[in-house]
Amino acid sequence: MVQSAQFAHSLEGWFGFLPLWGWAAISAGLVIYMLALPFGGLATYIERKIAADMQDRIGPNRVGPIGIFQFAADAIKMLSKEDFVPKGGDRFLFNLAPLFVVVGSCTAFAVLPLSKYLIGADVNIGVIFLLAVTTLIAPGLLLGSWASENKWSLLGGLRAASQIVSYEIPVALSILPVVLISGSLQIGQIVEQQGWTVFGENPATNHFWNAFHNPFTFFSMFLLFVGGLAETNRIPFDLPEAESELVSGFNTEFSGMRFGLYALGEFCDVFVMSAMVTALYLGGWHIPFLDIEKLGFALPTGLVAFIQFHMFMIKTLLVVFVVMWLRWTLPRLRVDQLMGMCWKGLLPLAFFNVLGTALWMWVFKGQSLMQLLAGHG
Amino acid sequence: MNHLMQFSSSLQGYLAVGAILFSLGVFCVLTRKNAIGILLGIELILNAAGINFVAFSKFRTGLIDGQIVALFIMLIAAAEAAVALAVILRFYRLKQTIDADEASIMRN
Amino acid sequence: METGFITAFWFVIISALTVPLMLGVGFLLRPKGKDTRRKMTAYECGEEPVGSAWIKFNIRFYIVAIVFIIFDVEMAAIFPAATVFKDSIANGTVALVFGEIFLFVALLLIGLIYCWVRGDLEWVKGVTKFAPNK
Amino acid sequence: MNKVLLLAEILTVASALIVGFHPNILYASVFLLFTFCGVAVMFLFAGADFLAGAQVIIYVGGVTILILFAIMLTQWLYKIKLADIRNKMVVPALLSAAVGVFLYRALHQMVAALPPQTPEALEKFTATPKTAAIGQALLGGYLFPFEAITILLLGAMVGAVWLARPE
């Protein structure tokens, strides 16, 4: 068992004076209001800037320097828009749907390992928790689309639900190799094992990034990325909200802040997916080939947490950038291609990767490529 | 209030919730005309069984076996839901209704 | 109960409270127009909506959901077995665990292949059958 | 922490009541979702951490979606057909209440028959992670039931797809 150093513990250690549950509440509030929601807001701006750069335009540039406050302007606009439930619609479900989406995507932030000392909730079923919480999104989208009594919405919602649930299988199966390697579902432990330093002795459990553990996990990472892309309804898998076919898909009838909450939930989900790739395959908070806690002199924990947090954010935002980059690169798939790709492409490949990783573990006694190269065996 | 909290975290609390869920499930099965409604009742009953197994596993035996049985219940419940809904769908295509009273071909 | 789950509960509570909070702020700021009939109609690109939106949709969605739930269950059941795989290498029961995972996966793959061969995974059925030179 | 458990139990029972009594089946299935979530939290407090996750994944992510699809597919005459609960409710209510009371009493006798755990043992049981233990058990004594369930799942998938397939 790794010494659990969750956000609440760290805060209690640094500041004291409140009971642990108080710090737990504060850490949850901090992660949601200082990371999840601001990211959801800023991502809209960043996405538009990246789009503009790729298409040789300027993009938003009016509000603040280089348009950085565009997201605030957007938020004010959304807040001051009129809000109504369509006439034949179901008011109760219409109100309930954004709740599912926001809870599903924001609660997933609880298990993201921002740093060794800043994991919101390093629960011992971390991976399962992540998968379980994000399943709340699919019923939310389905109910919201049904409640708005609009044909575009219903078609979009059905597509969204069936796409999200289908791609959940390849996503879970491409997480499975990591579980095989780490022998744990606890995300903090999974990340901890991905450390590697060239300046000294590595613990026997550490085996560098999971992506480079063996060839199968390398492919598994891409499967996870593609599956995550589909789960978050991003291009090229954005059929549920394909503008040219379904107006705006499942959120056609959602106006003002309700639409804002949907968009927010979606961007938070993109972050969660990217963070999942980072934490499970790209070493999480670890700086490549360097362990800042074993430099020979001790850094204060606060500084370590700060550095690790930035390392994690750099990696995650790089993955987010790739997601946005793909949006302006790839065309949208057709619905039959989408389903075919899931069931006939990703699923058999994911099974293959699981069995391949298991075989590698068996043959090489659980050693990673890096450990074999370093001659640990 | 304190008493209620004490009760809720005891074995009796779990059993009470399980019994309520079970009887509501039975009620649902008996009163719903709709075949999907009957399935909802069955899901409630299975959940009640799961609660009881898990509660006994913690409060009495201290072994993991109750949880494994609860896991098996879940797996079987999902398989059952898939098959039951497929049957309902078939019935719907046959009769254009899913009223359980209409399923009387086998009668007489 | 460990700290992690306490924090996780707070995450659920705070993110659930965010929704009414934001909608509440919006409620204070936004104009309250009258609900005219035209405004309340569903958006169908400017046309008057015809009939109910609760249409009968393609049964494919449903079949995909059925196949999904079986794999979902399988996925949930295989995680505990995968967790003990690493330890089993050390204590020599690896063949058993590997065999078990392999059997589990193989049996479900048979089901997948059955659905695949019978064409249940084809979204557009009949297009290839009727398309050529008719 | 007991407050959270109490809240979860109230959520479970309240939403189960709505499942039982709401005439609209779509609402009933939405509240069934809340019941599942409440039961998951109860599992968590009973030391079944993996089971709680599996409960959410299987029931909320799987069964609910399937039920919602089925309702949406079969109930396209929404308002006419969804409100179909029988008018005679007294006899079923009495009957199910009797079943519930009988069940509770019967289990209560079992509670008395089995020796209780010490508070320390309960604490320890709740705190230990269960995933690996479940994995060991599934590979040990429960190997045969586990494989039997795999075959059941295979049969269920093939059968359900065969039944649902359009001619």
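Worth pointing out:
A, B, C and D are the chain letters, set down in written order, and residue numbers restart from 1 in every chain.
FYI, a contact is a pair of C-beta atoms (placed from the backbone, for glycine too) under 8 Å apart; a residue touches a chain by one contact, two chains touch by 3 or more.
These numbers were taken from a predicted model, which means no experiment stands behind them.
Note on interfaces B-D and C-D: more C-beta pairs are in contact across B-D. Put simply, the C-alpha centre of subunit B and that of subunit D have 6 angstrom between them. One simple way to say how far apart two chains are is to compare their mean CA positions; for subunit C and subunit D this gives 19 Å.
Averaging Cα coordinates per chain places subunit A and subunit D 28 Å apart. Rounded to a whole number, the gap between the C-alpha centres of subunit A and subunit C is 16 angstrom.
Residues of subunit D found to touch two or more other chains are 45, 49-50, 53-54, 57-58, 61-63, 65-66, 69-70, 72-73, 126, 131-132, 134, 138, 149, 153, 156-157, 160-161, 164, 166. Contact of a single residue of subunit B with at least two other chains is seen at positions 71, 74-75, 78-79, 81-82, 85-86, 89.
In subunit A, the residues touching two or more other chains are 123-124, 128-129, 146, 154, 158, 161, 165, 168, 183, 185. Taken as a contact graph, the chains fit none of the simple arrangements: neither line, ring, star nor complete graph.
By the touch criterion given at the top, residues 2-8, 10-16, 18-19, 22-23, 25-27, 29-33, 35, 37, 39-45, 49, 52-55, 57, 60-61, 64-65, 67-68, 71-72, 75-76, 78-79, 82-87, 89-90, 94, 98, 101-102, 105, 109, 112, 115-116, 121-124 of subunit C touch subunit A in their complex.
Partner subunit D is touched in their complex by these residues of subunit A: 90, 92-93, 96, 123-125, 128-129, 131-133, 135-136, 138-139, 142-143, 146, 154, 158, 161, 165, 168, 183, 185-186.
By the touch criterion given at the top, residues 2-3, 5-6, 9, 12-13, 16-17, 19-20, 25, 28-29, 32, 35-36, 39, 42-43, 45-48, 50-51, 54-55, 58-59, 62-63, 66-67, 70-71, 73-74, 81, 84-86, 89, 92-93, 95-97, 99-101, 103-104, 107-108, 110-111, 114-117, 121-122, 125-126, 130, 133-134, 137-138, 142, 145, 149, 152-153, 156-157, 159-161, 163-164, 166 of subunit D touch subunit B in their complex. Against subunit C, in their complex, subunit B makes its touches with residues 71, 74-75, 78-79, 81-82, 85-86, 89. Subunit C meets subunit B in the complex at residues 59, 62, 66, 69-70, 72-73, 76-77.
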